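Next come two complexes built around chain A: one with chain B, the other with chain C.
What follows is the complex of A and B.
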């Protein structure tokens, strides 16, 4: 076995750290989670000169070793824990040549931990453009490190970096400056109390708000001859430390870096003048939104239709090729259509993350956050909540995954909880068929009533999201340090490799994460719809054949009657009958009940279920529609789908939490069943009440 | 005066930051006494504020900006 060394990539956000990671590992990377938390763990393998293999971890971006979020906490926890299997043999600090001063702060902190450290100065291709020149020899001496000047965009300097990683044993582990001089007496005390521990590590543990495994704050309180300081004093010391580090960095850069401002060009100012403008900024954002909406909605319908029909024919083919039996049916109707239900979302998810990662890579996303923060804050959301709420109109699943960059846990949680109210694409088929049934075809001011109803439903969804955010903000008592600092990075042309890898990785995460659950639910649903207790189900064929013996039905019609009879007496049919008393006040019968029950796997199942239950062989919309229009209310007489029950049903679907996949992803992101269960009960309960009131008022 | 009083395009020198109200992260990004700050752009209602502090571009909310004391820089 060749020896493997652990390499940790560390750096400020927006320094191109992930580009460096991608350049080193290529496709040899995988994304998982740190145990117990939803912070992403990216790791990969890189082959180095001299047969050395490097295991590379791309740690979450952080501005310093003072953690203020779960992501940043991961960095410190790893660097302080020498027993961790991922503890780095060498740390690679990635910096951006244009922001060297700020990037070096983190570098000097890591040097204090006595970890062999390489400094990567990235985006070297921008130096000429910005009029920057560096004295690398001087910097290497002052910073006691080796420097790799690289450009991931131009693919330069990567080999030098690999060489430096391979020869990491030659790196100095001496700190650049002595941070303990900020309060000599205090640090002397600390050293005396814990002679075996690294001083700077002790300091980090004392000043953090979070625990670090075995050495936490309590360790310090337990030692008698050591007195720790008050929080305010500690913060003052941290400020002093930061100033001290910047003094050192400023002195170092005074000789190590020259910036010729005359030759510097700045695209940023010109672009920002338009993109963050009070009028143009919002207008451009609106246009970008429409484009994304259009793409997710329209462009992805082509591959989605293709996937839909491919899986339908695959299922058909399986049925006709394999021998008849329960297994074939499970495979064809349960597993294959279940898989289809996962794969069909891939185009939308891929498109969504394509746009999101382009917007993020280019630096535009920070501008949107800047523009929207004030408006969103009124509702307890952050400027960063805009992205998930927009994505929610395609599908709540990627939208909830997109909340990850909201630092404040409270704002993030509220965003996660309200996103499912936005009208996702799965509600659309339900809305379309019911609107066609119950809303008259007239026009007002040239706009059709039906189109207006649909638009109103979208507005209701968005209103419900924002309104419930406002309420949640008032009632949720979560203490989370909410401060808002957004770096406004330089505009950059997105790197194709980064965008492609993001899209690939997010899509994979969806297919294997949420996919498992969708598949499991589909199989359960299939069982419930395919089996039933008692004679009525098991002898359906005999019963139906006898019943219609005199009517001379064609074989196809008879089969439909049998299927319909079976479904009525299957477990799911029984469930439909069981809940009928509860849904009758809303204007629904047991058949709609079944459709609602099966909708809990995914809303779009509604139309399909009704199609089966009304014994419609083909799923051509017109046919289902006519069938539905012909249904008679068993108690009141008259059409079952009238204005009152139709509106009631529309409102029910607008508010109810009927998507297992969303519940699953909420569980994954919040790490508890508590929040998805609240969503299920509160949203569906609210939907029930609204639908009830609407029906009783309208009838 | 505080950072919140700056007009768009104006510059100032940070003289004091109230460390109780200012997150450490902001200090680490260069928001420290002695550094030059410029108000690049403001959103409607002057909140949030888009700043250039010592070469770092960032946006903060007004509620944070009122805790950063500055004096105007005279060219």
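What follows is the complex of A and C.
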């Protein structure tokens, strides 16, 4: 039987840690969450020489062991807890050859924890390009470790790294430097008070800003023989420690690393000058965004149509092949349609993450974050809020998950709360059908009114997000450190393997995460729409047949009338009638009410529900459009979907929190029902008021 | 017979869907969290 060891991959962000993880594990990897929190946990298996099997954990990127965010906290918690099942037998610190000095700070801290540590120097292929040469023997002696010089891009050095991991028992656990010399008296006291414990671990626990587990500084204050220092004094000591570490690193690199600036050929400065320029930077970013969205919609349409028609055929096949009955209907109309409703968004999600991944891998995303920070900060957001706001145009769920790398809790919370305002792809089917019904087809300056309305709705979404962020920034009294540190990595060609794995992971997370919820809700909604109480529902066939006996309807027309009658008296129909008094002032009837209620599961359900309510056949979009256009307002007469009610509906969907999955993910990310409930009440309340005012003004 | 079986299957699917939603959003069974570091609880971290 082969022996399994735990390997922790640790490193600063942008050092190619994930590339090393991918190179070691290939497809033998899975993504989950750390228990109780929402930081992503990536782990995989790697077969090593000598029959050793390694369980590899890709820990979140961190600059040091002084935690400032939830992600960084995870790293420290694991390294301090020997009883954790993932506690590493060996730590692999991944560094970038161009930023060795900064990367070594974390390395020296981990060495002080007496964990066997290997130093990986990645991106070796850029050494010649940058005029860098290394004296590896000297570095290994000074840093008391073994070094693997690798290039994940060229797939070089991975075998040596595997060999080093397999022989980790030969590694020295001696620290690089003695950090206790920064305040000898204090550390002596600490040693006396806790004689059996590792000094540097104690020091880390005492100085953390973020509490982890049950540990905080009070634990130490409770011990009589030991008096800890004030927070300010501890901070001062931390700074002294960092300076001492950098002094050691500078000394080491003086002989261990040579940089010949004359032989360096660097395009980076020139590119940065353009891409972060206060005019060209924004212009280029705007053009890139436009290109991405155009590509997402253009490229997605073919696979989406294919998925749509495949699920329609599957549904039809199920109905015609299986015996007639309720369960067959549930399969055909509920489960298969529900699954189709999830799968149809895969192309858009995959393309969006493909582009985001390319932008991140190439190093451009960090420039965007830097560029946008200037604007976003005025509204209480961070430069890092840009990524969630952009991702929100596809789906709010991954977008809210993308807020995890925002360090300040206040900024992260505001971003989570305002992201659902951005126009997600689920709003599109609603927008498209209403715009087609109520906006004329004319053009102005070559641009169609309908396209301009759609663009305006996107702008309204972004405007609402930024405006509400500004208000939240003023009213939320949350004490939170606000600082902005972003690393500008070098520009590089994205690695296909990394991009492909990111797209695969994110798409899987969408399908299996939100997908299960949407599927369960689809089943419940189908049930509520297919069953009802009382005689009106149970005797629908007799009632409708008698009602239309004199009208000579064809069998198909009569069946449609029966289905409509049943739906009206189903549980969901009753609910629609119950809310009708509340939605009538907005210009809607009970049928729109049902569509609004059912689309709480997911906005795109609106069109599907109306399709069922208006009893349409297979040629769904065209037929439903005609049917909707022919609907008469029961009170005022004239078309139900007129300019006033159409604009009212568009505005309602632009602002309302009509997505149960988003509420669920907000609950998960904020660990409280308070914030999603605020979102639901405030966003939907605001949507109602805006829709009401619009209808009353336009009617 | 077919109708009865189909109805049983429908209610079973509905029950499972409701159970899933309740467990997901309303009542989540508490998992025993990984032992946290700190204090003198003998976690072995110091």
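Note that the second predicted complex is superposed on the first by the 652 of 699 C-alpha atoms of A that agree within 3 Å, B and C clash if a C-alpha of one lies under 4 Å from a C-alpha of the other, contacts with A are read in each partner's own complex, and residues count from 1 in each chain.
Methods note: a residue touches a chain if its C-beta (ideal position, glycine included) is under 8 Å from a C-beta of that chain, and two chains touch if they have at least 3 such contacts.
This is a predicted model, so every value here is computed, not measured.
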For this session: Look at A:194 in the shared chain and tell me whether it touches chain B only, chain C only, both, or neither; answer first, second, both or neither.
Result: second
For this session: Name the contact category of A:202: first (chain B only), second (chain C only), both, or neither.
Result: second
Exercise. First (chain B), second (chain C), both or neither: which does A:321 touch?
Worked result: neither
Exercise. So, A:520: does it touch chain B (first), chain C (second), both, or neither?
Worked result: second
For this session: Report for A:550: first if it touches chain B alone, second if chain C alone, otherwise both or neither.
Result: neither
Exercise. So, does A:101 touch the first partner chain B, the second partner chain C, both, or neither?
Worked result: first
Problem set entry | chain C to chain A touching residues, read off their complex | 2-3, 5-7, 9-10, 13-14, 16-18, 20-21, 24-25, 31, 33-39, 41, 43-46
Seminar exercise, completed: Within the complex, chain B is touched by chain A residues 63-64, 66, 68, 99, 101-102, 105, 232, 235-236, 238-239, 242-243, 246, 268-269, 272-273, 276, 278, 366, 369-371, 373-374, 377, 383, 481, 483-490
Exercise. Touching chain A in the complex: which residues of chain B?
Worked result: 17, 19-20, 23-30, 32-33, 40-41, 43-45, 47-48, 50, 54-61, 64
For this session: Using the touch rule from the top, collect the residues of chain A that touch chain C in their complex.
Result: 35-36, 77, 80-85, 194, 196-198, 201-202, 205, 212-216, 219, 323-328, 330, 335, 516-517, 519-521, 523-524, 527, 664, 667
